[in-house]
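When the chains are written out, they are named A, B, C and D in that same order, and each has its own residue count from 1.
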Amino acid sequence: MNTFGTLFRVTTWGESHGPAVGCVVDGCPSNMGISVEEVQRELDKRRPGQSDVTTQRREDDAVEILSGVFEGKTTGSPISMLVRNRDADSSKYREFINKPRPGHADLAWRMKFGHVDWRGGGRASARETVGRVAAAAVAKKLLSRFDVQAIAYARQIGDIRSEETFDTPVKGLTDLIDSNSVKALDAEAAHGMEAAIKEAARQGDSLGGIVECMVFGAPAGLGEPVFGKMSSELAAAVMSIPAAKGVEFGAGFQAASMTGSQDNDEYVFEGGKVRTRTNNAGGIQGGITNGMPIVLRVAFKPTASIRKRQRTVDLKTGKPAYIAIEGRHDPCVVPRAVPVVEAMVSLVLADQMMVSGIIPRRL
Amino acid sequence: MNTFGTLFRVTTWGESHGPAVGCVVDGCPSNMGISVEEVQRELDKRRPGQSDVTTQRREDDAVEILSGVFEGKTTGSPISMLVRNRDADSSKYREFINKPRPGHADLAWRMKFGHVDWRGGGRASARETVGRVAAAAVAKKLLSRFDVQAIAYARQIGDIRSEETFDTPVKGLTDLIDSNSVKALDAEAAHGMEAAIKEAARQGDSLGGIVECMVFGAPAGLGEPVFGKMSSELAAAVMSIPAAKGVEFGAGFQAASMTGSQDNDEYVFEGGKVRTRTNNAGGIQGGITNGMPIVLRVAFKPTASIRKRQRTVDLKTGKPAYIAIEGRHDPCVVPRAVPVVEAMVSLVLADQMMVSGIIPRRL
Amino acid sequence: MNTFGTLFRVTTWGESHGPAVGCVVDGCPSNMGISVEEVQRELDKRRPGQSDVTTQRREDDAVEILSGVFEGKTTGSPISMLVRNRDADSSKYREFINKPRPGHADLAWRMKFGHVDWRGGGRASARETVGRVAAAAVAKKLLSRFDVQAIAYARQIGDIRSEETFDTPVKGLTDLIDSNSVKALDAEAAHGMEAAIKEAARQGDSLGGIVECMVFGAPAGLGEPVFGKMSSELAAAVMSIPAAKGVEFGAGFQAASMTGSQDNDEYVFEGGKVRTRTNNAGGIQGGITNGMPIVLRVAFKPTASIRKRQRTVDLKTGKPAYIAIEGRHDPCVVPRAVPVVEAMVSLVLADQMMVSGIIPRRL
Amino acid sequence: MNTFGTLFRVTTWGESHGPAVGCVVDGCPSNMGISVEEVQRELDKRRPGQSDVTTQRREDDAVEILSGVFEGKTTGSPISMLVRNRDADSSKYREFINKPRPGHADLAWRMKFGHVDWRGGGRASARETVGRVAAAAVAKKLLSRFDVQAIAYARQIGDIRSEETFDTPVKGLTDLIDSNSVKALDAEAAHGMEAAIKEAARQGDSLGGIVECMVFGAPAGLGEPVFGKMSSELAAAVMSIPAAKGVEFGAGFQAASMTGSQDNDEYVFEGGKVRTRTNNAGGIQGGITNGMPIVLRVAFKPTASIRKRQRTVDLKTGKPAYIAIEGRHDPCVVPRAVPVVEAMVSLVLADQMMVSGIIPRRL
C-alpha cells in the first residue's frame, strides 16, 4: 500500500539506490498556482548533507514535475514528480545480505517478500520520504490558501527536552526552528541536542527523540467518526514514517495519570468564539477538531545503523555473527524527521479538508 | 467513515439511546463455524454494570445474528448483528444541550454536523463499541484457527502501574486478567487500581490509564509498506476508541531516550529460528511483523463526565456557566476499554492476515 | 464487497430466507429531513406480489430505521435500516442443492464459497435489493434537494420495444410509468409487454428486457477522470443488479455503426447556456457529465427459474439430471428491476455529487 | 481518481503533450521475473503510426522502469514506469480553446476543472492509455504464470461485423489478430474493415466499432458479491477507456429478447468437470466466474476529431461557430483500442485473483 488519502491522494515510489524516487499527487484541486521552485524549497529542507549532524550523502534532489501542472497552475490531473538518485553507494551493503542488521527492516521485509532490494535499505530507506515531502509541498500550498499551517520541531533528542511553547506566533516559530541544525524551537536546547548527537556519533552510537507538530488555523469539524477520526488519520500518517514508535495527542500519555478535573478542557468565550482554556485535548475531541491548535508528538527510536559492534546471525551458515555498520548514516533521525512529520500532517489536513467539503475541487 | 478494514471489513452503527446498536462484518471467510453464543461471550466481557467500578446502566446486550451464518457456519456473505438498547435514560442529558460538557465530543460534533443525537452521547458514546466487540468475536474465532491471539489488560490506572510480564504463557494470562474487576494482569496492582477508582468516584472525579495489548502467534510478514504499515493500521484502529490519546509500540516513547546500542534488538537463533533477544521493536520492524509478539500500549484519558463542578459556556445566552454531571458513568474507562482494544487489534490482524494472503477466502 | 460508494456509502446485507434484509447508509449529510414513510414508499415500489406479472411471494416489507435519524433529521451518523422476511418458503429449494439450476448463481457461488445459504437463492436473490432501495430512498431525498432526479422505465420486454421519449417533462413521466404493471413509459407498448409476460409464464418460460434510466438536473462536471468516470461508476452500479448483462450510454452500441459526423453532438447556445443539439453522448463526455440528461440502458436476461424441463447435472451422483423449477418467481425481472436501476443510479449520483463537492456534508 | 484496483493497484499520470506519461503499479507480487523488454513489447502493440489506418504521430514510446524491479525480479515495491513524449505538436489545438470540439471531452472537463491542459486533448487523450498498457504488461506476465490470458480483437468496425470464433485455440488467435492492421480475428472481415476506415478517412469522417475480449483459463470463483461482481469490475474498467459507450457480457443485449429456455446455459459433465453447453452467461453467473471463458464486448463510438465541418459555439463571442479538425487523428479508434481493452481486462483479472487469494503476495 503505497497510496495515502481519500480525495487528496499520494502515491510514492522508489528505492534508495534505484534510478529515482518520486510521487504522484492525485486529487489536488485545479486552478491552484504551484511552481517547481515551491516544491524544491520543501525538498531542500529534508535534503541530506546539510550539516555535520546529518548523513554526508550528497544529493541535489532536483525535482521535475512531469504532469498535472500547466501554465503554472494545477489542472486537477495527477501531478507526477521525479527526483533522480545521484550519490548512491551500494558497496557497503553487500556484506549485510545474509547478516540482518539489528533494528532494521531487512529481515522482516525479506520474510515478507522473499526478494528485496537490499541496496541502501531499498524502499525501507528514509530516502523514500522524498516523495512524501514533494507531495506535501503541494498540500502545504493548498493549506496556505485556507490559512492552515503545520509546524513541526525537535521537542526532544536523547535526554535533552525543550520546553513547549506552542503559543508563540506562527511567523516567529519557523524562523526559530530553521535557525539551528537540529530543528529545535528552543535555541538553548538546540545546543545541547547538537552536542549530544556529536557525542553519540563519536561513540559509534545513535540517538532517538521526539518531534512535536502543531497545526494552526485548522477549522473545527475535521475528522470522521467513528473509524476516520482525525486522531486515527494522523496517527496512521505519522506511524508510517520510518523509525516512528509512538504518537500522542495533547496531554497524551500524561493524561493517563490525570484526573478528569485536571484533564478536561473547560470552555470559555473569547472574542465571541468558544475556546478551551487549556488544550489537553490537542485540538481533537471525539476524533473531531474543535478549532484549537492540533498538537501531536511522535516518538522516534535511535538510528538503527551504528558503528558499535552488534550481535546478529549469519543466515547462510546458521551461526551467530557480529557486525559493525560503517557508512554515511544520520546519527539521529530527528532533525530530518521534522520536515517529514510536517509533510505527513499536511497531507492528512489537505485530504480531510477536502473530505469535509471545506476545500473545493476547484479553486 | 463507519467502515473499517480492507478485505475483512466492519461497519458499525447505532447511538447510545437509539433503538439499537450493531454491526455488519463483510469479507469473513466462508465455512467457519460460529455461534451466537460465541459472540455473546465476547459482548458479556464489555457489558456494563458488572462491578462497582463500572457504570450501573443495565443492559443484557443480547445479540441477534441476522445474516451471513447458515447451519452454524459463515457463508462469505455479510454478517449483520443487532443488539437492542434497553436501559437508556435520556432525561439527564437535556440540560447539556446548550452547555457543552468539558472533555466531551458534544461541541466538536455539533460544529461538524449541526444536528446531533445528544442523548447519552449519541454515536460518540462508548456504547458504539458494542458493534466492534461483536465484530471482533468473529475475527477472534478466525484468528484462533490460525493460532493467533490478542490479549489486552490494564497496565496502568491513575498512578498505579503494573509490571510488564508478557512472557507468561497465553493460557494463564487471560485467567489472571479476568480474575479482577479492573482487568489487570498483576493481582496486587489490581487492588490498588480498584481502590484508586473508588476514591476518585467518591470525590466526584475520574481516572485514566494505559491498556497494553500483546499479540501472540502473529506470523512474520504482516503489514504493507509504506502507508499500510502494521504500526499505522494498529495505531489508526486503537486511536478510534473513545478517550484514546496516544499509542506506542514496544519501547515506544522510551525509545526516544535510548541509544541505538540499547534499543536495537539483536538477532539470535533459537530452536532453529531467528528471534530477537529483546523486543524493543514490539514485534514490528519497518512496519512489518517479525514473528516476535506484537506489543502496544494505548493511553486513555480520564472519563470526561464527572460530578465535580466545571466551567463551561451557555451557547444560548452567550454567558459562562457551570455544570456538574450526574448519571451512571464509568469512573474510569480503562476496565471496559480493555476488551475494546483487544477487539480493534483483532480486527486489524484478521484483515491484515487476509490482505497478506495467509488467511484464505474460504476455510 | 457489500459496500458501495466513496463518500455516500451503502452496505447491504441479508439473505432471501434469512431472518431479515437491510442496509447501512454511511456519509449522508446531516440535517436532512427524512421519515420512515419516505423510505417505505420507495420499498413499496419494488415489493413483490403487486400484480399478476410478478412473483406471488407476500412481503409487507415494513422498514425500521434503527439509527442515524433523530427528531426527523439525519445526524451524519450511519443510518441502519431493517426489513424482516416474513413469507419465506424454503421447501422448494432443497431438491436443487446438488442439481444446479441453469442460469442461476448457485454453482458459481458454491465454487467460490464452499458453503452457501441455498434457501431461496440466499444472498444471490433479488430480495437482496431491498437494502439498495431503502438506501436509495435516502439518496433520492438528498438529490431532490438539489433538483436532481433519476427516472427509470421498461424500455423493452421480450420483443416489445417502446419508443424513446426522454424529452417529456419530468412530472408526467413518473405518472405514466406507474400507470401500468410493467413500468413502461408507453401505454400501448405496456399492453403488449404484459401480454408477452403472461404468455411466457403460461408456457413455463420467462422473458428479459431493457430498462432505460434518465437523469434530469444533474450538474455538469460530475465524474472523475480517469478511472472514476461517471460512465464507469454507473456501469459498475447497474451491472451489480442481478440478471444485468449489459449497459450502454446515449447512442451506446448503435454508436459503433455511426460515423463521427452522425454521432458527434454539435454545440449550440440555448437560453444563454451551451447545450448539445443531440444527446448521443447520453450526457457524459470523456467520463464527465456535460449538463445534458444522462441516459443509460441496462439489458436484463430472462428470469433463470422456469417451469420448463432443463438439463443439468447431479453433483452427488455425477450423472446428468433434469429439473423443472416450480415456485413463485417473476416471469420477467424487468418490472421489478426498474426501481432497482433507479436506486443504483441515484446512489451513484448522490455519491458523486458529494465527491465533486456540490453536495456539502451538512445541509 | 487515477488509481485503479484493490490489491493490484495501478495509478496512471500524464498528458498528451506534457513531458511524459507513465504509471505506478502497486501490489504486484514479489519474486516475479519481468524485463523492460516485456513491457516494451506490449507498448509497441498500441504505439501510433504503425499502419495507414492509425494516426501518423511518431512516438518510439521507450519505457524506463524506475523502481520496484531488482535483479530482473519484482520486489513487492511499487513499479514506476515512464515514457517521454517526443512528437507532440500543440499548434493545431490553440484555435479550439474557445471552440469546443463536438464529441470531445473539452467542454465537460473545462466545466469541471476551470483550468485544463488543452494541448492534444491533455489528459483526456488516448495517449493516457500508455500507462495502462505498461501496467498491464506486468499484469499479463503475472496472469501467464497462472495460465490465464485475455485476448481482444476488433469484432466490428463501422458496419463490418466479423464472426465470433471464441473456441479457436488460444495460440492461433493472437497470430490471426496480429496479422492485419485492424486487429480483426477474421481475415476476410479485416479487408472490409480496412477499406471502410480508409473510405471514412477520405471523406474526412471517422468510424466506431466493437471490441470483443475473451478470457481463457480464468478460474471459477472470481468476483465479489454484491457490489464487486466480476461484471461490475470489468464494466467499470472498460468504460474508463476513452470513447467506450457500452459493454455487454455473453449474450448481452441480445439476452433481452431471449426466453429463459433459450438463454439458460445447461450444465453437462465434460472430462469429469461441470461445464455449460452454451456460454450465454459469458463465463459470469451471479457476478462470479464459473470457469467458462469470460466473453465481453465494448462499443466504441467513432473518433470525435473529423475533418468535416461541424457546428459548435465560440465561448468568447457567445456566437455559433464552425470548425474542421485537421491533424493526425486515428480515423477509427478500434484498432488501437484493442490492446487497451485487453490491458484493462488483464488488470481486473490480476487484481481479482489476488483479492480471491488465488494469486499469492509472493511468487
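The definition used in the following text is that a residue touches a chain if its C-beta (ideal position, glycine included) is under 8 Å from a C-beta of that chain, and two chains touch if they have at least 3 such contacts.
What you see is a predicted model, and the numbers here were worked out from it, not measured in a lab.
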item: Per Cα centroids, the chain farthest from subunit A; value: C
item: Selected interface, B-C versus B-D, where C-beta contact pairs are more numerous; value: B-C
item: Distance from subunit D to subunit B - Cα centre to Cα centre, in angstrom; value: 46
item: Centre-to-centre distance between subunit C and subunit B (centres being mean Cα positions), rounded to whole Å; value: 39
item: Multi-chain contact residues (two or more partners), subunit D; value: 1-3, 12, 76-77, 112-113, 123, 225, 356, 361
item: Complex interface listing, subunit A residues touching subunit D; value: 1-3, 9, 11-15, 18-22, 24, 26-27, 30-31, 64, 66-68, 70-71, 73-80, 82, 112-117, 119, 122-123, 361-363
item: List of subunit B residues in touch with subunit D within their complex; value: 6-7, 76-77, 225, 354-357, 360-361
item: List of subunit C residues in touch with subunit D within their complex; value: 1-4, 12, 100, 102-105, 107-109, 111-113, 123-124, 128, 156, 158-159, 200, 205-210, 220-229, 231-233, 235-237, 239-240, 242, 244-253, 255-269, 274, 276-277, 280-282, 284-291, 299-306, 308, 310-313, 315, 318-320, 356
